[in-house]
Amino acid sequence: MKNDTSLEPVPTSLADLSLPLEVRVHGRGGQGGVTCAKLIASLYTRMGFHVQTFGDYGSERSGAPIQAFTRVDRQTIANRNKVYRPDHLIVLDEALMGPQVLSGTAPGALLLLNTRSPLDAYGGQYANYRLGVVDATAIAREHGIGSSSVVIINTTILGAYARLLGVSLGALEAAFASLGLGGDLAAAEHAYEQVQIRTCDPADAHAVAPATAWQPDSAPVTPLTEHRADSPATLKTGSWSTQAPRYRNHAAPCNLACPAGNDVRGFVQALQDDGADAAAKVLLRTQPLPSVCGRVCPAPCMQACNRDAFDGAVNIRSLERWVADHSTQALGKQAVARPRRFAVVGGGPAGLSAAYQLVLHGHAVTIFEAGPALGGVLRNGIPAYRLPPEALQRDLQRILDLGVETRFNVRIGHTDLLRMQEEYDALIVCAGLGPALRLEAEGTGLAGLEQGLDFLDRAKLGKVELRGRVVVVGGGNTAIDCARTALRCGASSVKLVYRRGREDMPAIAEEIDSAEFEGVRLVLNRQPVAFSGNGTVSALVLAEVEPGAPDESGRRRPMVTQRTSNLECDTVFLALGQSAGMEWLPGTWQVRDSRAWEGSQALDVWFAGDCATGEGTVTHAIGSGRRIALAVLGRLDNAPETQPDAGSAVAPGQIRFSHFDVVPPHRDKELPPSVRRDSFEECNHGLAGPEEAGRCFSCGQCTHCDTCLIYCPEGVITRSESGYRIDTSYCKGCGMCVAECPRSAMEMHEKTKLEVRQCL
Amino acid sequence: MSLKLLSANHGAALAATLAARANRAGRGFCSGVYPITPSTECMEYLCLQEIEKGRVVKVESEHSAMAVCIGAASAGARTFTTTSSNGLAYMAENCIAAALLRLPVVMAVANRTLGPPWNIWADHGDSLLLRDQGLIQFYCADNQELFDTVLCAFRLAEDQAVMMPVMVCMEGFILSHTTAQIDVPEQAQVDEFLPLTAIPHRLGDTPHALGQVELPHQVEVHRHQHLAAMNGAVDVYAGIRDEFERVFDRRLPDAVVAYRAEDAETLIVSMGTIGATAERVVDRLREQGQKVGSLRVRLFRPLPMEAIRAWFAGKQRIAVVDRDVSLGFGGVLWGEVNALADPGTVVQSYLAGLGGGDVRPEHIENMLSDLLPRTSAGLPAMMEAA
Amino acid sequence: MNEPVLGGMAQTALDRHEPLLRVGNTNCGGCGFSSLMQMMRHAVADQPVHLVIPACCAAVSAGVFPQSTYGAPTLLTTFASAAAAASGIASVARMNGEDTRVVCLAGDGGTYDIGFATLSAAADRNEDVLYICYDNEIYGNTGGQRSSATPAGALTTNLSRGKPEQKKDILAIMAAHRIPYAASISLAHAEDAVRKLRRALDLQGFRFLHVLSPCPTGWKSEPALGMELVRLAVRSGLFPVLEVFDGKRYVVNIEPDFSDEALDMYLSLQLRFQKSGITAAGLRPDIDRHWQNLRALSGRIVPARRSA
């Protein structure tokens, strides 16, 4: 035996052709097996031989095993029988290979297989045949011959056959041209080059007796008149297909979009199936602050929701709130072999999230907080009408109940850090952002001008009374919060000045809507260039802003013009964002990849939340805190870093909208604006019930909806304990279940060799 | 028993009615019918009978008439239909299906010339179309024989060893529209004679298909079994004759009816009413001292070859009279029996009464005049009778 | 609320224990007839049923003697005989006091064409038979030739260009027989399909069901997309899904959106339409006319709505 992958014509030349020659092709209905035998006959006709070709027609349908035959001789062929002892055996689908296919094939015969396996994979198999292997399916698919489910390979394999015969490429080309198959020539040439050939030692050839020849069927046949009941068919139609369906979870877009890493689909489905406690169990794995996020999260999950393209995104945020407000579920602390001690600097969302994960994993955590209580921006930055303190408190209590220790009013400096480094297994710094940004403009020292965050903090702590006209500068959530809080504090009018357009405002869209709904007026594409007033601010000078070229974020860069106007006011709140503010770290430290380094030495000091990423939302901070906590645990245990590949999210096009009825989203109950603007009562009362969970498509995850069961034409899908079972021995691989699955929770796959064997 | 004046058509229908009623304790009776001259009166008569647990379905074609019978038989009922000529040709596909499915449908066929050109009179060519398709065929010569044969046909068709359709043929008008006395038995006698229909392979409660695909090997074996059952039907019929005699106190004619044939040198072989005419000719010629006999083939499928061969033994000349022609060959009956004669016997084919021509004794005498000088058989001879 | 309640339809205690179409049958993958038989299984439940199948793909898929892929007593008849043979079976069942449901399963060839006289006569006699036409719009068993159910614009193996004539309106013809029940069924709307199969099984007298049966082999389409094609045919208005009671009362079951987008998609997913140049715009006037007629018959004289 030797492998021959060169392009030289194969040693067996046409002159050596032993005649009469008999070729048998094994294929499947619809694959072009009969045409393949015809093409082979055409090839020999061109060489001047007499040929005869015919199919072994039966009642079989697309996909069923079929045979076709070609005879070649120098004279007219009188043999009218089928081919029982082929000299050349061509198998269009390796899954067909079995004793019946080899039946009657004598040693030394040529065996050409269409297979995914390389020649090496056959070892000593088929040793007494001259063997050619080629992945004609891959080649034909690459050349786009046939359809995605039924690739037609008859012309492709002809290329490989020509090579085995020793026909030159030029002759092959001429043959294809004469057959009007010029379009398929490239694939055939590809196969001509790709086919791997193993010659057969004549000694081997004679050592083995020919395979069993065809035997006449002598099974007893019951008389019709004595036959009263039929047995089921024994034909394993699973052998018709090289592909089979299977259930497979695909990533949901909401899950991939959630900055906190919540299993959004999981908790919504759990809520639908088993209620709030079950949903909480899912949610609390990643989410320490569901009451908070269920109210203030910008909900990127809802923007990603596939239902948006159908009849409106699922109201996920409010479902999270429903779960948080209707469950007292908490997760227990895990037992751990080696408990460690961690310090978390900062009691905001990132710190809370990091501490929560560490304590859930069974470790001891102390939070050092500069303020008098936990919560960070949640406590003092978000107004009560959006986040009532009780809601925050519920979440905080759940974390504290796990045994997290706290130190309040402790402002950590660089010496503290160096000391704590020794005392704890690791530090996680979640200090948030630094001081609020200021505006470089004339008149910022005037009275009546205040940082928005300071105003919100005051408003949260006690009653603040405002009078007259308030202007808020900025376009983020803090700006909106300031504007809406100002209304509640008695401002006669509130205007919000922002330098770009409404669509560019970073604030949550619904919040902007609410603000306008309550009476806040937006003054867009304006930039304050000066503040005027006699000791106290009485007007802003606003310059018109034109959108310039897009920046790297894709937003148009604001171009301040010389055109100005005055906007009279009594109070101005600035909400322009915050600085990074990491200057309090030891001077020898550098921060790289969310970790402190001293030169090339990595320290067990990590950073999470806004101070590390500056992403700016509660949800991002929670995600950052959790990821860093888990990374720290992994690093301390020297666990290999695993980046689970979530895969790409299920796209709207992969959801079968036709399987769903149009059901508009359930909206939150909102207080009327007349009531709202007079009070800090929470203006959104959430959903009336959890029914909204029923709108979830459950993208990429089976819900046992029975669609596959109903639409499987073969009835080979049955319920099993874990969901469904597909009997691949009979599945014809039509793919209907996969195509009909409403939520892309199935896929087709190439059958494994084991699966193929089960069908034979 | 009571004598009734009935046409053969009505006689066939009455026999079917009695057989139908006889299965009232079984799975009943169902018939699909469609009119065609000259079998229409049979169908009409049947439609007007009260049949307990029976239904005659008035369908839109002969093809469907047999389809109804196939359906009904596959559900286990006794079945009967009647047709003629082009109706039979149109029904042929389903006649074949009934045969191959081994369903015991009984048919009364009024033989009539196939067309167009249209002709409504007698010719055996229609039923002979189905010669090779697995249906038993009787050819009758008078009203009583027809009535009795129809009754007997149910017993034969439904015999567990036979289980296939039986055609009872009568020449159109000549027999179908001839009225004569028929000795009609009491229902109780018919009940005694006919066991309840039991079709062993009928559809029941279990998954079971009738007529699915068969591969070559299965067709080979099933044809062989059908052939064996068909050949066995000759003996089954002999047994039924005894049973018939026991119940009705008269004897059914034999599968082949020999008349003064024992010592005959010349034999006239025919089917149907021509046989009756032939017997008259035999009597006349015997008076003249000629050693002539008649052999009427009543059971054409299965062909009682042994009986025919025995009657043929030692005969010098045989005239085979066919009211049919296999174009390109000759008389169908002639072709069948030719090989059964001794070597040296002159077996000559005569075609007579095609298109319903009235075959009179003179025609047969002319044939014999033609035959006597022959030392070897010639081409089929057309004896114009009209 | 969210999606039609399919749960509980299949493989429940109510379901027929034995499948009507067993595994190991030789129908092509993605065959609409196979899908129909799965839905029939749910609808038949525990009623005794006899199948009558003329020469067609379904006869071939019965399997090879002595095996059968039908899980019920089945009579295979000659091509044009199904409705008549079923009349015989039903007659015998009734006279023996058996409630066996006799169901004919015939293709469009056996229904629209060669078996049409037989069908019409059985309907005329109001035989107690459920006749189901699984219409793949082609003589599929012989490899895909034109039938009178082949739609305008479709190419078949014996047409050199798209069929110029329109598809015969079999449902109207059967309704005109004034039979108790005539309905069209979309396999892609399983709930509606099973409901109507159950109703048709339960009624007495002649019932006719017209099922658009996707045929990947004949339609030159992806086997997996069969149901989607039916859905598109329904959505676009090409295949009206309705019931007709006693030839008089018309009820439209599924309201199409009459979108050209759906129609274009329907055409573009099948190679049989690709070479004929037929377009949604070309088919639309006939669809509109047909629906105007249906609106009038169903007593809702609202012009066919056109979506943007």
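In order of appearance the chains are A, B and C, and numbering begins at 1 in each one.
Operating definition for what follows: a residue touches a chain if its C-beta (ideal position, glycine included) is under 8 Å from a C-beta of that chain, and two chains touch if they have at least 3 such contacts.
Keep in mind that this is a model prediction, so the values were computed, not measured.
A.B. asks: Using C-alpha centroids, which chain lies at the maximum separation from chain C?
C.D. replies: B
A.B. asks: Of the chains shown, whose Cα centre falls closest to the middle of all protein Cα atoms?
C.D. replies: Per-chain C-alpha centroids compared to the overall one single out C.
A.B. asks: Approximately how many whole Å separate the CA-defined centres of chain A and chain B?
C.D. replies: Chain A and chain B have C-alpha centres separated by 78 Å.
A.B. asks: With chain centres taken as the means of their Cα atoms, state the distance from chain B to chain C in Å.
C.D. replies: 43
A.B. asks: For chain A and chain C, what's the span in angstrom between their mean Cα positions?
C.D. replies: 39
A.B. asks: At least two other chains touched by the same residue of chain A: list those residues.
C.D. replies: Touching at least two other chains: 59, 221, 227, 230.
A.B. asks: Do you know which chain C residues sit against two or more other chains?
C.D. replies: As it turns out, chain C has residues touching two or more other chains at 22, 60, 63-65, 67-68, 70-71.
A.B. asks: Where in chain B do residues touch two or more other chains at once?
C.D. replies: 204, 206-210, 212-213, 215, 218
A.B. asks: Show me the residue ranges of chain A that touch chain B in the complex, using the header's touch definition.
C.D. replies: It is residues 59, 216-221, 223-230 of chain A that touch chain B.
A.B. asks: What does chain B use to touch chain C in their complex?
C.D. replies: Listed in rising order, the residues are 27-28, 30, 32, 53-55, 57-61, 63-65, 67-77, 79, 93-94, 97, 203-215, 218.
A.B. asks: Using the touch rule from the top, collect the residues of chain C that touch chain B in their complex.
C.D. replies: Residues 18, 22, 48, 50, 52, 59-60, 62-65, 67-68, 70-78, 80-81, 83-93, 95-96, 117-118, 120-121, 124-125.
A.B. asks: Which bits of chain B are touching chain A when the two form their complex?
C.D. replies: Residues 101-102, 160, 163, 200-201, 204, 206-210, 212-213, 215, 217-218, 221-222, 225.
A.B. asks: Considering only the defined contacts, which chain A positions touch chain C in the complex?
C.D. replies: 29-30, 59-64, 147-150, 221-222, 227, 230-237, 240-241, 658-661, 663, 691, 694-696, 704-707, 709-716, 718-719, 727, 730, 732-736, 738-740, 742
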